[in-house]
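Next up: the structures, one after another.
You will see chain A twice below: alongside chain B first, and alongside chain C after that.
Then we have the complex of A and B:
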């Protein structure tokens, strides 16, 4: 028996007050989010049109778009997931399914586990610095970041600009070869790649009237500039400030998230299923491959999508890798310069003009749409694939 | 001595004897015992087995022979080590960290704790059924096919035949033959447990370890499992852990009584339930503790 009964009405009143309080606080957080979204849509919806999605950044806000940023984010996302997903799931399997039995190894296991948990809380800027040393410059092991020691997939050309503003190209095999000296009759190429015969003009010759001749003419004093053209398979060490270095840095950011969520998914698989499999004479790997991994798959997938939405929104580590540069085209190879949606938004938001702020708001709408899409897919998959396991 | 478990030859089996189902009582079990040389060629021979969880000793100096083709029941109060003992027979205890085994467990004369023994092959030969039914969340057919497929490819026709044979063997065929490709989780608890037995049979084991196989089931399902054990007797060496003394009396030929990590006595079931040798056994059987 209670020493002194609290009146029933008082208890109910307390209950009501507490419930109201929780409702108010909860609706406040939802309200703030709503205000944010409404403000962004209000500001950004005006500039949101087809040109914004397909156009390139431009000094004129009226025609500026974020196509290179969207493509950059897509490249980053695909590359990041290609690397992070196998690594993260494999790490989770090792940590969760192949726990060591020996005492010393168990200590090491616990230590690694602790550090992965810690890493998931490390600010992403820190990973940016790490990416800078490890991926961009590779500790200087392969020479300077701007002047790679190893590269493949690049072709060199000597370019001439002739009197008639035509570009004439001569392919170079050895990048260290001396500058091309124009010789009459040598094979040259237009900028578009059509082969032609060089028409060398003497000092006293006049510039030809005929355009067909003009586009393959050079004076003997014309000097070339050496240009490097990168093919789509261009690859170099160190990676430099390219999209691959950016993706690997993002991989560092989301790897702990993928590992932890995959571990949780694996842990949720009842151990009775593992025992059933092992008891039937399955090897541990067969058990993982045929029982545990399929059962944990929906959870792993959901975790991966959550990690993706984290990756697509990250600005800080990319800022360290790519910086704020004026990029007007999508990346065309793994080492290409790039920009990403958060970087582009940051860039626009930092400009003094109001018009650019509106562009930033439009960019945020695009980014948020992508994020919401990812989360919706994650929820959908969880509902669709999650089956009872026992 | 051969130290690998990869040999294919199987020991000769005894002919299955007709077995009454539910009414099988201890006296019957005594009558249908094989002649006195039944321990001449035991399936398992356990010698001075000690088992430790960390610093905790769970089994002390267990010596036991498990006769081939018969049913051996292990009884005893909770925490007495009977389940631990069962799991040393197919090395499922290996999965628990910081465990230690001393002594010998011989299966057909080979020490299964020998360094060169392949535990994967051991577990194929010594099948196990757990306390709670644990079918995989896949179809009934795939559950049975799981074990054979671990060892390699099996043709569709062979697998169909094997699945049917195993389901017949576990007295489940008639109930599931029309829904082989539906989820095993749709079966009742008792059916799931018989599926688990069928799944173990698909591996063509020599020994079946049953760890309280009926404790999560209702009386009717329990009776069917006990029936099944009677049918499997003779073809397989069966070791069953049970906390239900009547069950031990009904299904087993031999009974081992465990208490505080020791095997107090192991005698023919009829003798155990009528004339126990030790005071502790009698106290347990008469319900003075448990």
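Then we have the complex of A and C:
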């Protein structure tokens, strides 16, 4: 009742003050973002050129690039998306559309729901530690990286590097077999895969002048080294510090986010749609597949892409998995060593020289562009797919 | 569902396209393929990084990865065959040698450069001109007397010394500790510690009353942010700066030290690995100079190359009578050119 007696002018003033306050706070967040962007663009645009995108890290900041980091992030992103999206959406459907009726199961359902909410608030570095034991070393159950329990997709070759700087290869079937001893006339391959006959030289023989012969010649004392050629489908247990372990760890980070946003999208589907479908005789599964899921899809996709932008910017869990490593190549298989954009930026920003700080700023521009691109795609897809539901 | 998948495909298709693209290269050396895994000291890292970057330009299809876990951390992985090369800012210890022997890892020991371990101060520190080893003891030891700058010299500021140090996995720490603390002394527990020398540079450059130490490369690279203290040579009594000339002449004592790479002999049979190590040793002097270290004396460099060529495995720094935790650098009393000889090699076999 006391409120009534406040004069009208005073109440209007209060209202204005409140509105101003809100405006100031809102523009502050936009202002901070603008300052950040301007500062970074100012600092980083100088080093941003084609070489920066296609080159490899280098001790000389003038020629350093972040191609391996960009590719690493891309690998991570695609793998994370492939694993996290089906899992997350499936979990959301189970939790939202197939609620249990039994009393005990209902308790379990509530417990799981509570935990997912909690997990979404867990600092990502904790997931990094989890990923280290679960994915990288797999509790030590499958041996170690050098001596894995399961390995497939690797072919072995004994490689000779002869005195004329030619590479001679002998394929090996059993990786544990003793190293190849050169025998005259045995079949060898050039690095291009051409089969040839080995020309074995005695200790006192001179090196052949003819290049044709030189490229298939070895001295009897030449020693091979065993190269492991990893095909792109190379797979191994335990995963080791590879791109797959990184992606699965990122999956842990974003899975709760995807589940919760998918649940919300499903919840937003009017229950009249579900009931109509069930009323027409569709089974719950048919209802989910044909009615609820398509209706919720734009929302799910938006949530998923937001989660992806979170994943691409994460550094802490990857720091646990991959560490800071000087890498000049993009990963070529699931188990390959990798670096990612946030790690590369962290590495450069940690160096004391100013040139590297500029490189870090350029890296941030690339990362931010990718993030904005993702958000734009999310908006675009939502616009494109949104249909009136009722 | 079709109209849902279409935009999805629009997003995924370019992604797949980018993934399929591989960097184009042309040289004959492209034929050389393989992987070289390096880990270890952050002091040696700049040289190895320079070598890996230069190597990549000639042999684009060899994948050289260089990580930084500190000398001790590097040897832990090296001794179980996880890495091909271990960067080390001190010689291998008896314990690590034993571990290698147990796991059948035999290695070639190759000195790559000399480093004048630099004691660094904030540039605004205008009172310290030179330091003696005794003063370093007072600052760094647990039972040392100096906790404030004025404890060392009453004319210096009455301010707490902020002490920075590389971590215990670092070879620089081991080396500095042996010089300053000997075998028995222990360091004060309240130092700010990092295995990453860049962190130490940032720390010392931001605090007027700070002191720290690390490889000279990090000092020269950051000359505008930190300054080095001249160290009094106990034998001559002269204060000496960690310049390349003083390191070569031996005047910068007792903090001059050799830096090494340890190369797994079995890995060396792989052509990619062999090429990389040969390339590294061939140009070690250039890389060392490039990152502000001092090249090895020609005599030591020649011996190293011959060890590599003849595959002479083992170390000259561990005595046959090893004991747990053995000496860090048992033959430091001798200059490296004398100690580093085939006759002194002790093999793991």
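Throughout what follows, the second predicted complex is superposed on the first by the 385 of 390 C-alpha atoms of A that agree within 3 Å, B and C clash if a C-alpha of one lies under 4 Å from a C-alpha of the other, contacts with A are read in each partner's own complex, and residues count from 1 in each chain.
Heads up, the rule we're going with is that contacts are C-beta pairs under 8 Å (C-beta built on N, C-alpha and C of every residue); 3 or more make two chains touch, one makes a residue touch a chain.
What you see is a predicted model; the values in this text were computed from it and never measured.
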First (chain B), second (chain C), both or neither touched by A:183: neither
Which of chain B and chain C A:191 touches, first, second, both or neither: second
Partner chain(s) touched by A:327 [first = chain B, second = chain C, both, neither]: second
Touched partner set for A:277, first chain B, second chain C, both or neither: first
Superposed model, chain A: greater residue contact from chain B or chain C: C
Parts of chain A lying in touch with chain C, wherever the complex brings them together: 54, 56-60, 67, 71, 74-75, 77-78, 144-146, 159-161, 167, 179, 191-192, 223-229, 294, 297, 301, 323-330, 337, 350-353, 377, 380-381, 384-385
Touching residues on chain B, where the partner in the complex is chain A: 90, 92, 95, 97-98, 120-124, 127-128, 130, 132, 134-137, 146-147, 150-151, 185, 196, 199-200, 203
Parts of chain A lying in touch with chain B, wherever the complex brings them together: 99, 101, 103, 106, 270, 272-273, 275-283, 286, 290-291, 295, 387-390
Residues of chain C touching chain A in the complex: 1, 3-4, 7-8, 11, 15, 18-19, 22-23, 31-35, 45-46, 49-50, 52-53, 56, 63-69, 80-82, 196, 198-199, 201-202, 205, 218, 221-222, 225, 267-275, 291
